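Alright, structures below, take your time with them.
What follows is chain A paired twice: with chain B in the first complex and chain C in the second.
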Partner chain A sequence: MATSNGSSTGTKITALVVDDDRVINAIHCKRLNKLGIENHVAANGKEAVDLHCSGKKFDLILMDRDMPIMNGIEATRELRAMGVRSIIVGVSTRSIKQEIQEFMDSGLDDYQEKPLTSSKVISILHKINCNEFLD
Partner chain B sequence: MANTPLHQQLSIMKQSFFDEGLLDHEQVSYLETLENEDDPDFIENLFTMFLRDSSRYIDSIEKALEATPVDYSVMERMLYQLKGSSASIGASKINGETNTLRKVFHDGDIESAKASLQKLKEEHANFKEKLVIYVGMLKEAKPSEY
Partner chain C sequence: MYLEDTQVTQRNITYDVNPSFVLMDVDGLRVVVYVYELIDGEGVLDEQFLQLQQLQDESSPNFVSEVVNIYFHESEKLLRNLRGLLLDRDFSDYKKMGIHLIQFMGSSSSIGANRVRNVCVAFRAASEQNNRAGCLRASELLEHEYCYLKNKLHELFQMEQQRVLAAGI
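== the complex of A and B ==
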């Protein structure tokens, strides 16, 4: 069980859940929490970007696509342009290939269709663990 | 684990949700794995949150559809919200009706969309009625101490 608090050298993974639906946020946070991950929530893309502007860093970002003010595509582009290297996983209900590709092209590491199940989360975590070993 | 009449009723009611296709068994089982001693009210709170939010979404959809001209961007956003939200808690019938409404709406048939919305509202009202009772029973069944 992770006990330290650092995000780059510590063992506790940090995550940012970005979704304007609070039911989805509650479920994602709970799921990540149970896996020992420290969570933060942003209700839209702009909040996610602002958090990073204020200096916050996360190992993992779960990014919804359709949000008001700033959507997932714009936010992902913005974060990548800012030099954010976190694993960004797009989570959305969109299933049309073109739309998924558009989202991926904005800078995602992975895309998962809602609802996010345990096995999907675990496969995402494996990606993070691999990244940590490489760093 | 207590097996009082209330717990038995809860079990039966939960099963009927699955049998009637109102809730998806797999998704609910997944949500139940997230509940623990630190947050024993997780599922009740989630269901309550969903009922409140989904009512808002449906209201917005109705207003957007009744507007002249129809407010397409609000419709799009609300339909996707409801689709994602309902799938997340396993509300299968609501999710299904939302998808139907989405399809009809995208086909451009506003009158059929309005009819589809009525169907969605009925499903939602039915689901809400039953889920409110279920949540009430869940609260009652919470042991204060054994």
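== the complex of A and C ==
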């Protein structure tokens, strides 16, 4: 199934996978890759923020919650404060409502419990396509 | 009517079966049966492992074994860290234990390591209660489940290799 590009210029959807776990990064990147998405990896929140400071932009950010140096909550707050408008989806093993809410409140567009499945990724992509259409 | 149906069925089998095709695919079937035994029989793996297999394709023909090897490498680091934290009898850093266990749970869920993940959940619950005895028990069980999983996955990869070699002849 061909991936719809969303943007009117026909460029690929870009994604940033932010996670200190190499297993998760390998799986998420492969999943996104199969859907035709160009992806990058950051090992923690600070690397994600630094990438944006250097001028990089992404359509989608998959943000893990628990990471060393800078966690997902801090990184999301920082990115939103910088004016980053990308779709940021929190991904974590945490399932307690309070913890999920705390993460959402930092500026997420959506939250998904690990592991990410293909259907979860596709529902996220629909969000991107809708946003691009509205812009 | 029933007898007629079975006669028709038997007639179809006689004409449609291709023995050489069935024999060539036995190794493939063996791999599939083994995976389902691990999922449905023992609960060692869950459907997430099947999702992982579906990601493997011509552009990355060894994707599953590569990811699993990363998982083994990372898991052994986490297990060493957990062992180290439990060695201190006077003060166990339960918070740090929790952090390692969250990561272990995440990676285990992602490859479908069902039983390992479940033990991590119990271990984490014990660490949140600062329950040293509970943590020690969970740690022992975790090591056991991890070793068991590793052996099973090695067996699976050996079967896959044999299948690939047999298909190439």
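To be clear about the criterion, the second predicted complex is superposed on the first by the 124 of 135 C-alpha atoms of A that agree within 3 Å, B and C clash if a C-alpha of one lies under 4 Å from a C-alpha of the other, contacts with A are read in each partner's own complex, and residues count from 1 in each chain.
As a convention for this text, a residue touches a chain if its C-beta (ideal position, glycine included) is under 8 Å from a C-beta of that chain, and two chains touch if they have at least 3 such contacts.
These figures come from a predicted structure and were not determined experimentally.
On the superposed chain A, the two partners chain B and chain C do not both fit; they clash. Contact with both chain B and chain C is seen for A:D20 once the two complexes are overlaid on the shared chain.
Applying the stated contact rule after C-alpha superposition, one finds that A:T93 touches each of chain B and chain C. By the document's definition of touching, both partners, chain B and chain C, reach A:T117.
In the superposed model, A:N129 lies in contact with neither chain B nor chain C. Contact with both chain B and chain C is seen for A:K30 once the two complexes are overlaid on the shared chain. Applying the stated contact rule after C-alpha superposition, one finds that A:D66 touches each of chain B and chain C. When the two structures are aligned on the shared chain, A:Q101 is found in touch with neither chain B nor chain C.
When the two complexes are superposed on chain A, the residues of chain A that touch both chain B and chain C are 20-24, 26-27, 30-31, 34, 64, 66, 92-93, 114-115, 117-118. Contact residues of chain A toward chain B in the complex are 20-24, 26-27, 30-31, 34, 64, 66, 68, 92-93, 114-115, 117-118. Residue ranges on chain A touching chain C, taken from their complex, read 20-24, 26-27, 30-31, 34, 64, 66, 92-94, 114-118.
Residues 27, 30-31, 33-34, 36, 39, 42, 45-46, 49-50, 53, 76-77, 80-81, 83-85, 87-89 of chain B are the ones touching chain A in the complex.
Considering their complex, residues 48, 51-52, 54-55, 57, 60, 63, 66-67, 70-71, 74, 99, 102-103, 105-107, 109-111 of chain C touch chain A.
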